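Each structure below is given as structure tokens.
In the two assemblies presented below, chain A is common to both, partnered first by chain B and then by chain C.
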Partner chain A sequence: MVAFKKRVSRGVEFAALTFPALLAIVVVVLVPFGMSIVYSFSKWNGLDKVPVFNGLANYVELFTNDPALLAALGFTLLFTLALVVLVNLIALALALALDQPLRGKNALRAAFYVPNIISLIIIGYVWRFIFSKGFDTFSAMTGWPLFQASWLGDPALAFVSTVLVSLWHDLGFYLVIYLAGLQTIPRDLIEASLIDGAAPLQRFSKIVLPLLMPSVTVCVFYALSNGLKTFDVILSLTNGGPGNATTSIALDIYTTAFGQGRFGYGMAMSVLLFLLILGITLFQVTVFKNREVES
Partner chain B sequence: MTKPRGRIWLNVVLVLLAALYLYPLFIVLINSVKTFQQIMDNAVALPATPEFDNFILAFTTMAYPRLFLNTLIATTLGTVGVVLLASVAGHKLSRTKTRLSWLVFLVCVAPMMIPFHSYMIGLVKVAKTLHLTNSVWGLGVLYWGLGIPLALFMYHGFVKTIPIELDESAVIDGCGPLRKFFLVVFPLLQPVSVSVIVLNAMWMWNDFLLPLLVVSGNKQALTLQLAAYNFFGQYKVEWHLAMAAVLLTILPAIVFYLALQKHIMKGMTAGAVKS
Partner chain C sequence: MKKVLMVLAAVVFVLVGVAVQAQSKTLSVLFYSPELQEQYNDMIQQYQKETGVKLDLTVLQADYRSVLTARLNSGDTPDIFMSSAYADNETYKDYVYDLTKEDFIKNLEPTALTGVTLDGKVLGYPFLVQSHSFIYNKKVFKDAGITKLPTTMKELEAVCVKLQAKGIQPFATGFKEFWVLPQTAWQALAPLPAAYNGDYAKFVADLDSGKLRFQDIKEMSTVFDLLDLIKKYGGNKPLESDFNDQCAALANGKVAMIHQGNWAEGTIRKTNPDVQIGYLVGPTADAGKAGIMFDSNQTIRIAKDRPNTQAAVAWLRWLTTSAYGKAWIPSKIKQISPIRGAAAPDAQLAQETSAMLAKNVPSYSWFYQRFPTGAEKDFGSFFQGYLAGQTTRAQTLAAIDSDYAKLVAAR
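What follows is the complex of A and B.
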């Protein structure tokens, strides 16, 4: 009887301590996500009490009759690819440089990190100003075609702009992770390679990079999922334009649901985004994990 | 590992790069103290005499104090809730070695794999049903569900590194589990708590999409980021005021960053590497 009472009280304690957190997650994430899946098979304008289920109609339209989504998918994948490659290469190179014994090292690190503490929505507006008024002035001063180009008005250049601005904002975050990763590489391994007379490039490819792979895995993962989800900076910098040249999937979901009131269809798009991100990141982590080594 | 002379060059190049990197923000700074006409004439020249009227005008037209307070309420309520709920649950789940406990843990951390944009439509509907929309308090509460998964994951992992004897060393007579937790265990979790606070506060302060979805209908409940969005969304942007507004909006985050730089760097890394 005593043992039973103790078990009950332990169960009550477990429930009382874990339930609030579980409830918050279920209400805010899991129920809404469940709705996304269920209502993605329906036609729903968000106002009707009951959605009209229409089977696979949304998904059929998604894949066969929605050129705008196809364009958004293409933009998002290309944008993500460019961002993943550039942000990782530059952050890694910069981390290697800042890992050297330099003067004002901490100030330098802080300088590259500053854009990262500003919200992406503000970042987009700041650059909209630079690309318009700032470049007008630069162009008048120098006459360089670089500043005369329409960085937000030309589809190809607008793509480049969204990548560069995102890169400018994100770089500091990846820099910090790579710097932390470099700290974990044992100094004696570096010293041993120095004694053995390894060339700098050899030392990097044979010792530093393999030991840094855990950081690379994390950084590529983050760059992938952030790139595929990109929204804020697009909204404030180009608003998806010119035309829909820089409309990302997330922005397309937003305008489809809240702009056009097609909630059921927007939910089908959001399920597609979920599967896309899950598939790509799972594949990436599996491939990259296999390349990690123990020091 | 470069030779001394090479290192000096590297140093110089990096300083120049950093200056170039921050130049766009410098442009914002100088234009925030110019008149509209001066910006139109030359957007990169220094102002002859700085005009601080822009700040006063932006401050009042934005209703800055209200926005600041709203953002502070949502961020604080959200962050405190995440820390309290995730630490209590994460600790309990980590210490309870049953199949149910493992299952609850999985359900709690699974949302880390679900992008926000995949459930935001349903979330708006749920928030409306629960009357959590158009209020900064409701916004703060919604952040709990978004922030807990990663925080709980971090607490759950950290608790494993604390010897269980420390938990049990101080079972004071008549002291309930919650009091025991906050008296004995919570102080031990401080390193994770700092990371969780930093990660969540920075994210909630700068977050845009959730406020856009749930509070933009109420002028009294706008956050700083939403106000900036409205400010720039106007047909003809008054750049001199907009630049002052940008600085007023990012200033709190910059101060927070400068004050807690070390913790922020550590927190960012911990949150990133753990997930």
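What follows is the complex of A and C.
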């Protein structure tokens, strides 16, 4: 009986303490989300007072008659793949390097993290300037063809530019997670492997990496979901151009809703994007979780 | 004690300040064209001085339409806002005040009212009369020995060849800006296919109904020819040139020509105050019909059924009839005013526009503003894709047609 009372009072306590946060999430996340699902079955130009319900028409168009979305989907998947692979490999390599007793490693850690503090919109504008005006000056100084190429005007190069800038911005965040992960690996295991005469590569693949899997899961998850919904850096760097070469799904949704005044259809696109991200990340987390080990 | 008195005095000041604030009227205003920020502020100060009414102004550019839409549908309606003319009359008709019966409307040039009138109702106030075409640097042309100004595509290309031989880049393209591309492109189509005899309303109605498709307009090949020409002679990064790049490069003589409008003059002159610039006519399929684009597009709109609606109308009346208001556009903004009998501005491009009109150089209205909402940005991106080699002419036209149909259906 006492135990039961205790359980009830703990339950009340729990509810009372989480209620404010829960309320905030319901009001600013869940309700708008529910509304956008409702609006996704309507035709609405954003200005009419009442949206017109049009059944599944938006979803039919989405799957049968939207080449622009298909192109955006292609770009987004490719961009995400490049980002996930590169950001994780480079961040992991850097974390391993910065985990060594290096001179000035704290300064280096800070240096890699700084871009992460700046807003992506601003980073986009800064790099836009560097790629056009900055590279012009470098090209005049050095004459290297690297600087003469049109980094934002050529479709293939523009893709590379968006990946590079995102990478430059994101790196610090993943670096910090990997560094923290490395700190949790027990020293005795490493020492034991040293005594047993394990080569550095063996030590990495048999001990460090398996124990680092929780960090890998988190990092890949973040990189996946950030890549799939990438928007701000592209808006300010290339605005989706040239043509639609760097238009991501999120940017396509934005121009469809606000530029063309097709809010209902834009909502349907967001629902699709949501399902896409949900599906891919759920799959990733399940697969990666299975590979985590206890030390 | 002294301290307490000081605090009390401070509190009194704050309270008085709040009371004064509450008494004076404030109108919320949402405008675009940040290049006019100084002139906007000057006008606002003068209006407050004369009437005590304050204008609370926000100026945006790239995301203007998104912000306006969000503010309108969330109920945070600005008392005064801007939009384009033509198609936007339909877009905002549920939100704007009908100015037809206001006394000061008769003070405006009737031609300037065409673009803001829907079904006989004047739904907006034409802000500026503007022109756009190719702008050239007179000194660069003279130094290159070009005396006859080009009027056809062939002559334009010959001029480019001559300039390039002298080591001068002919164009700064502006192709990075989504609005420069369609402006450049549609000017080549401005005389319209002969069957339409210059009837833009019918032309756009046929496009809207699907009776006419861009793929079937044979003059579209001229549009692509012109874009190709500008790209060919537009330096080694033609798709990275933006508005500021165009203005600066023209001003300091790095390039000879840009496609822009008279609004660019202020920015050009900031780089080089002594630059001499003028307009070239834009080549079209029919060689005899090359001209400039001349219209009042930027439109001021008053939100209806708001507590401040009448105060906002009073501001428009002041802008049209007061001494300062009448002089504001020609002498401060230095562009052409839509008010009857207004002074001519002291600006080279505006004067050149008037001179060309006086010499009966063809002038065309900004017919592409009749296309449905969103067309400007979408078509800009299609043309950009074509120039980047993503699509062929046929693919570009097909994309334009299918997008146009979707935009019409979304209305």
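Following the convention adopted for this analysis, the second predicted complex is superposed on the first by the 272 of 295 C-alpha atoms of A that agree within 3 Å, B and C clash if a C-alpha of one lies under 4 Å from a C-alpha of the other, contacts with A are read in each partner's own complex, and residues count from 1 in each chain.
One rule holds for everything that comes next: contacts are C-beta pairs under 8 Å (C-beta built on N, C-alpha and C of every residue); 3 or more make two chains touch, one makes a residue touch a chain.
What you see is a predicted model; the values in this text were computed from it and never measured.
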Quick check for you: in the superposed arrangement, does A:V160 touch first (chain B), second (chain C), both or neither? neither
The chain contacting more residues of chain A, comparing chain B with chain C, is B
Which partner chains sit in contact with A:S150 here, chain B, chain C, both or neither? Use first/second/both/neither. second
Touching A:W127 in the superposition: chain B (first), chain C (second), both, neither? first
For A:F231, is the partner it touches chain B (first), chain C (second), both, or none of the two (neither)? first
Just checking: does A:L56 make contact with chain B only, chain C only, both, or neither of them? Give me first, second, both or neither. neither
Does the superposition put A:V8 against chain B (first), chain C (second), both, or neither? neither
Just to be sure I read the superposition right, which of the two partners does A:G243 touch: chain B = first, chain C = second, or both, or neither? second
Given the touch rule stated above, what does A:G46 touch, chain B (first), chain C (second), both, or neither? both
Where on chain A do the contacts with chain B and the contacts with chain C coincide? 46, 136, 254, 258
Chain A touches which residues of chain C in the complex? 63, 65-66, 69-70, 72-73, 91-92, 94-95, 175-176, 178, 236-240, 245, 373-374, 377-378, 381-382, 384-391, 399, 402, 406-407, 410-411
Tell me, which parts of chain B touch chain A in their complex? 1-2, 7, 10-11, 14-15, 18-19, 21-22, 24-25, 27-28, 31, 39-40, 42-45, 81, 85-86, 88-93, 96, 100-101, 104, 107-108, 110-111, 113-123, 125-126, 130, 142, 144-146, 148-149, 152, 177-178, 181, 202, 205-209, 213, 225, 228-229, 232, 239, 242-243, 246, 249-250, 253-254, 256-257, 261, 264-265, 268-269, 272-273
Complex contacts: residues of chain A adjacent to chain B: 13-14, 16-18, 20-22, 24-36, 39, 46, 97-98, 100-104, 107-108, 110-115, 117-122, 125-130, 133-134, 136-138, 140-141, 168, 173, 176-177, 180, 190, 194, 200, 203, 214-215, 218, 222, 225, 228-229, 231-232, 236, 249-250, 253-254, 257-258, 263, 266-267, 270-271, 273-274, 277-278
Counting only contacts in the complex, chain A reaches chain C at residues 43, 45-49, 67, 131-132, 136, 148, 150, 152-155, 239-245, 254-255, 258-262, 265
